[in-house]
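Let me give you the structure first, and then I'll get to my questions.
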């Protein structure tokens, strides 16, 4: 695990030394602010719409962050050094995830000012805010894992970003398709869609199914990274 | 296959199994933690009981203004119903955006819920747990039952919303999908309608006539369900109605200096609930002000059982002269005192009425008696476990277990008018200040790096 | 001598293309082994398989007795690898990068500072520790790449073009370093500078089209390679060509201007050619040996065949 932390710390530092990390965090914070103004138009001190918009924005952020993890590093030539070091692929996968999660955490933390502002102006229910942030972290980590898996499979950062977005859209489409089907297939497809697993966080609840879903997404993403790294050899 | 490859395949399989099992278990249990202030989206156990009865596809359609917070809350709430029973599906339709659908459902008002189940349609006036669950219950039940409430003896009204009124009891009956019919046996030929699923008498003050007593007892004997809520304040003698069911009304006023509320020893708190009857299921304590006492007859006939539901403490007594000082004397009956009973009588009814088993069928009567009537007035129904006690009693009498004892949820004002000033403040801080600080921090770090480079 | 690295029948296929096949050689402890071959011969592929970056589709690699296929992490622990790209992260300082590499390569916390300092010193980066790598010249970045290969004091060094891009002084310093390291480690070195390989390596492996053409001492290889003579004669150069072509050991004789160029093998070639020309009554004005059994010759001969 120590080596995973080493890799993660290095990646995190590299992201923030460059303009990319600062730019992403600042842009996410600004986007959150703009979304807040739109989503408060119901004249209620409620942030469920805002969190709902942020979940979509997380997909974009995940695509942007994950493409640097492997694809960009391969393009720069430094991936060979990493993969010829005495580290196991799962340590590389976890380390890369930790690195991008650090950026995710910073980007999400930069949005804290939004609920604070709403609290200063009104009386929002704190519960959905807590679960909303919990959801953002869980969903973000899940989306990042998907992004890492795609990034590990291609040396082209642009393809990695587009591929991540494509996978997330495909999962979302599963939910849309479920609407026109019935029976077990409907239930399975609906379960596969991330949109059916964020409702709980928006309303102030933390449901075991939603936690299990996003943890599974993370685990499957990491396992895919390990498989892809092994297959590349 | 090499050892390492084999190990990799095994680990992969283990991950797949763990993921599938974890999700299946989570899906099956539907556990959740509700951090919202009102726990709006944690459904009551009674609702879950109702949902357990849904065994076929059930569709809930809520007609709401999509733009409003109410529509989002409706989705949240209905999603929870769906999580607990996957037969349930839902949709939220804006009648203005989709007038065709509204016309198809015959909806003319916002905040209407339509429940469709096995071809049955039930409507509810609002999208909250109580109304939606009631509608589902009625749809699943496939019909409504009628409960009859006696009037004509000074009983408080079910639509009386004052502290002494019974409007809360009326709400419970309505929300549990009962049609409520008022029956006045003092007028015309006294007879309790045969389609009454249960008969209630909430706090009679005036005496019953002999024909009324006969009518009520005849109804009870014919597999009837009666709830007699009387008290020390009654001028009627309930014994003609209670004695056939093994309970003797003692009258008087129960005084319990050890368990009472607000310094008034007649505002009795019941903590002894010795029975295993479902009527006291989930009941911890009761508040029975101005209660008289009852006693269970020692020699009960075959087939009749009487449960002592609520008993006062050993320091209590039945005061025979409440107008004087409340002091135990030799005329008073020492406690513990029984203040609520449940009689369950099974007997064989033959055409000849002789009780012979041959050619007869078993008839079951249930009678619930409480010696206080104040406990279910609007002022007292929500004290301690009074509400639960009433709902349990209702369920026991009508033999329905999934009834809803949830109280109305208090909604907090969360309005936040988004004025131009507030909008500007949000934008300045979130789009200007915060990103600016982040970029500033980045620039500082960058210049520090450049300084280091120059030094190198 | 015990072998630090054993490459046994290693092959690597990319789809239907066999990039390398049946590659076998050892790198002994205390030896610098040269890996030679034209572009596309499979040198980098061989090194990538040895370091575990690529999996061998045939054969095996043993590093200090550890099979790369069975315990890649254990095997890689013994290897310091400097890839051809020598890519190093430009946003990090030299010392931060080396500390990162030390942690990655499991150098114990207590020994890390010393290891990093030693790597800096060995790679000649003494005054550059705090410099961001992105500000360094290519040559210094190359040294950083070399330093990261040394930071965990590995038993085996795999260096792909370690002197590429360095100035002559740096090349000489690096060469000295490699020679010093080679005394106690197993070093595999690939280079296009045959003179460098000849100076540093006692043995070489020659690869072409993914196959090993030779694993041999440099001395043996150069001895088997041809000598090149240039003759200036007073008579007819074509007559000289006729005479020498018939001689044993002569591979080629051509006229270039007024010079006859003779290529052949044998230590006494010069003597025999001179004698043959003189015996034929042709005046021998000058005979020069322009190339006598160099590694370059040997190499070119091998890859041409």
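Every chain is named by a letter (A, B and C) in the order it is written, and numbering of its residues begins at 1.
Keep in mind that, in the parts below, contacts are C-beta pairs under 8 Å (C-beta built on N, C-alpha and C of every residue); 3 or more make two chains touch, one makes a residue touch a chain.
Quick caveat: nothing in here was measured; it's all calculated off a predicted structure.
Colleague: Using the contact definition given at the top, which chains are in touch with both chain B and chain C?
Modeller: A
Colleague: If you tally the C-beta contacts for A-B and for A-C, which one comes out higher?
Modeller: Top pair by contacting C-beta pairs is A-B.
Colleague: Relative to the centroid of every protein C-alpha atom displayed, which chain's own C-alpha centroid is closest?
Modeller: Answer for the innermost chain: A.
Colleague: How many angstrom between the C-alpha centroids of chain C and chain B?
Modeller: A distance of 87 Å separates the two centres.
Colleague: In angstrom, rounded to a whole number, how far apart do the mean CA points of chain A and chain B lie?
Modeller: 42
Colleague: Express in whole angstrom the distance between the two chain centres, defined as the mean CA positions of chain A and chain C.
Modeller: Inter-chain centre distance comes to 47 Å.
Colleague: Counting only residues that touch at least 2 other chains, which ones in chain A make the list?
Modeller: Residues 17 of chain A each touch two or more of the other chains.
Colleague: Which chain B residues sit where two or more other chains touch them?
Modeller: Touching at least two other chains: 449.
Colleague: Within their complex, state which residues of chain A touch chain C.
Modeller: Residues of chain A touching chain C: 2-3, 6-7, 10, 13-14, 17-18, 76-78, 80-88, 233.
Colleague: Chain B touches which residues of chain C in the complex?
Modeller: So the residues of chain C touching chain B come out as 69-70, 93, 128, 130-132, 135.
Colleague: Would you mind writing out the residues of chain B in touch with chain C in their complex?
Modeller: Counting only chain B, the residues touching chain C are 2-4, 449, 452-453, 455-456.
Colleague: List the residues on chain B that touch chain A in their complex, please.
Modeller: Residues of chain B touching chain A: 8, 12, 15, 18-19, 22-23, 25-27, 29-38, 40-42, 67-69, 72-73, 75-76, 79-80, 83, 86, 412-418, 422-423, 425-427, 429-431, 434-436, 438-439, 441-442, 445-446, 449.
Colleague: Mind listing the chain A positions that touch chain B in their complex?
Modeller: Touching chain B from chain A are residues 16-17, 19, 21-22, 25-27, 29-30, 32-34, 36-37, 40-46, 48-49, 110-111, 113-114, 117-118, 121-128, 130-131, 187, 191, 199-200, 202-209, 211-213, 215-216, 219-220, 223, 227, 230.
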